[in-house]
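Note that subunit A is present in both complexes that follow, paired respectively with subunit B and with subunit C.
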Partner chain A sequence: MTTDNLSIPGTQSAPDIEADWSTGQLVMKGDSYPENTFELFGPVISWVDRFLTSGDQPLTLVLQLIYLNTSSIKAMMDIFDMLEAAHAGGRTVSVTWYYDSRNERVAELAEEFKEDCTFPFAILPRTD
Partner chain B sequence: MPHPTRDQRPLDDIIEDLLNDPQYAGHPLRDALFQLWSQSREQLERLERVTHISDGFQKMAREQTTSLKQRYDRQLRKLEKAAHISDRYQDMMRDLNIALQEASTHDHLTNLANRRMLVDRLKTETQRAERQGYSYSLAMLDVDHFKQVNDQHGHDAGDQALIALARTMQAEFREYDLCGRWGGEEFLILLPQTPIDVAQHVIERVQGSIRRLTIPWDSSSLDLTVSIGLAEHRTGESFFDTVNRADDALLAAKQAGRDCYRLA
Partner chain C sequence: MMEASDLYSLRERFADQRILLCFNGPISRSLIEEIGNALKNYLHAEQAQPSSATDVFATYIEMSQNIRHYSANNGYGELEASATVVIARDEADRYIVSAGNLVEIADGQALIARVAALALLDKAQLKAAYKEQLRKPREAAASTGAGLGLLDIARRSSAPLAASLTELTGQRAFLSLRATI
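Then we have the complex of A and B:
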C-alpha cells in the first residue's frame, strides 16, 4: 500500500496543494505566482507522473485556481498534457475547475485551458 | 570465319559462362578476366554497403530534424498559448484593479465620491491653492429632517432619496467640481479655483433644483430641502479648518430655519 501523498500548504502567492494517492485526487486551490515555479510545481508534476505510470486508478484533478502567472500557466499546461497522454492510453482522468460565480473571467480562462483537452473537463461555478 | 552474332544476354551471365568454360582453363586472359571480375564484384558490394549506410544516416538525420521541428513547433504553440492566457489573466487583474479602485473611492449607495476620495482631492486642491494662489470653495450640505424620512417611510425610502439627491446635484456641477458623500445624509461639494461669490451662485442653483425635486414613493412623494454651509479656503489654512468653518456655517443655516445657506 503506497502512502505517497502530497500536502503543500498555500501561501499568498502559492496555491494549497493536496494529493491523495488512495483516492487518486489532486486538489489545487488559490492564487499562483510563486517566486520559483519549478520548486512548487516540480513535486506536483512528479506526483502526477508517478501516479499515472503505476496502476490503473483514475486520476481526478480538482482546481480552484484564481490568478496564475505565466510560469504557472505553463506548468498547468504540462500537467494537462500528461493527463491527455494518459487519457490517450486508456486511463480514466478528469478535471473539475471551480470558479467563484462573481468572477466569470476565471471560467473563460479555464475554457482556454480546456480547448486542447479531450478528457472530461468540467468548469463549475461555486456560490459560497 | 563469320563474325559471330553479338551475344544479347546480360554481361554478368556471359562472363560467368566464359569463366566456367573448361576450354579457357589456364589461359592467361581467363585468369586476368577472373581477377577483374572478382575485383569488380567486390567494389560493387562495397559501394552498395556504403550507399546503404549513407542512406541510413540520411534517414536518421531527416527523422531527427523532423522530430526536432515537430517538438519546436509544439513548444512554440504551447508558449504562444501560455502567453495568450497570461495576457487574459493580466486583463482580468487590471479590470479587478479598476473595480477595486472605484469601490475604494466611491460611495456604494450614491456612486458619488466617498470620504476617502474627497479628502484626497481636498489635499490636492489645498496644495494647488498654496502654489498657484487660487483658492477653492467648499460647501457642506445636509438634508433637512432626513431622520423623519427614514422614520416615516423606512430606510429604503431614505436610500432612494439620497440616490435621487445625488443625481440631481451631480447634474448641476461643472466637470472639475467634486461632489461626494461625507457621511450619512451629509455631502461635501468641492469647487476648485472658485471664489466664494461665484460658489454662492452654484450653491443657490443646487439648492433650488433640490427644492424642485420630487421623489415618487409609494402613492405619495418625498420632498426634500437642504441646508448648506459655504466656506472659501484661506491661504495657510489646512483643509480641515476650511471644512470646520463650512460645518459651522451649516450649523448656522440649520439654526436659521433650514432650506438656506450661510457663508463662513
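Then we have the complex of A and C:
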C-alpha cells in the first residue's frame, strides 16, 4: 500500500495543499502568487503524474483557490491538461471549485479553465 | 538629504494625487508580499467590492513581479532592480495602479508598442489573446517578456493601459506603466 501523500502548509502567497493517495483527493486552498511557481507546483504536478500513471483510482481535485497570479494560472493549466489527457484515456477525474459568492472574479477564473476541459468540472458558490 | 519640513510638500502632493500607497526603492520578494498585504487591508477598510479589490491587488502583483523578473533576467544589481509603485484613485474614484522601473531602451520601446496595440483590442479580443499566450510554450512566452501579465492587467482594466518612457543616459530608460481599474 502506497502512502504517497502531500501536505504543504500555505503561506501568504501560497495555498494549502493536501494530496491523499488512498482517497485520490487533491485539495488546494487559498491565494497563489509566489514568485517562483515551479518550487510550489513542481511537487504537485509530479504527484498528479504519479497518481495518474499508476492504478485506475479516480482523481478528485477540490479547489478553494482565490487569487492566482499568471504564473500560477499557467501551472494550474498544466494540471488540468494532465487531467484532460487522463480523462481522454478513460480515467475518472473531476474538479470541484468552491468560490465566495461575493467575489465573481473567482468564478470567472474557474469558468475560463472549465472552457478547455471536458471532464466533470463543478463551480460552486459558498456563502460562509 | 531632505529637510524634515520638506515632507509637508511631499505629503501635500500625495494628498493632491489621492495616493493611497506608494513605494520607491529596491524591491524584494518579501517586500512585494508585505506591500500587497497592506494594500489588501486598505482595500478591505475602504470597503472596495471584492472583485475590484482582486483586480487592484492582481494588477499590483503582476506589475511588481514583472519588474522583479525583468531585473533578474537582465542581471540587474540591487539598485537597478528598484521599482516605483503607486496606488491612487482618480476623480471618478477608480483605482489607478502604476509601476515604473529601469529598462533597456529597446525593451521599453517594445513595451510602449505592445501597450498601444492592446489599447485597440476589446474585451473579447483581449481574452482570445490571453488564452493564446497562455498556451504558448514557456520558453517562447518568456522571450516576449511581460506577455501574459500585461494581458491579465489589460483585461482587469476599465480603460486602456498607459505607458511612457523617459530616456536616461546610455542604453537605459525609465518605463512607467499605468492601469485604471
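In this text, the second predicted complex is superposed on the first by the 128 of 128 C-alpha atoms of A that agree within 3 Å, B and C clash if a C-alpha of one lies under 4 Å from a C-alpha of the other, contacts with A are read in each partner's own complex, and residues count from 1 in each chain.
Rule of thumb we're sticking to: a contact is a pair of C-beta atoms (placed from the backbone, for glycine too) under 8 Å apart; a residue touches a chain by one contact, two chains touch by 3 or more.
Keep in mind the model is a prediction, meaning the values are calculated, not measured.
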Side-by-side fit of subunit B and subunit C on subunit A, or clash: clash
First (subunit B), second (subunit C), both or neither touched by A:S94: neither
Which of subunit B and subunit C A:S13 touches, first, second, both or neither: second
Partner chain in contact with A:Q57 - subunit B first, subunit C second, else both or neither: neither
Contacts of A:Q25 with subunit B and subunit C, given as first, second, both or neither: neither
Partner chain in contact with A:K74 - subunit B first, subunit C second, else both or neither: both
Which superposed partner A:F113 touches (first subunit B, second subunit C, both, neither): first
Partner touching more residues of subunit A, whether subunit B or subunit C: C
Touched partner set for A:R102, first subunit B, second subunit C, both or neither: second
Which of subunit B and subunit C A:E35 touches, first, second, both or neither: second
Common interface residues of subunit A - those touching subunit B in one complex and subunit C in the other: 67, 69-70, 73-74, 77, 103, 105-106, 112
Subunit B residues within the subunit A interface of the complex: 78-79, 81-86, 88-89, 92-93, 95-96
Subunit A - residues contacting subunit B, complex: 67-70, 73-74, 77, 103, 105-106, 108-109, 112-113, 116
Of subunit A, residues touching subunit C in the complex: 12-13, 33, 35, 66-67, 69-71, 73-74, 77, 100, 102-106, 112
Complex contact set, residues of subunit C against subunit A: 29, 32-33, 36-37, 50-51, 54-55, 57-58, 61-62, 65, 68-69, 127, 131, 134, 138, 148-149, 152
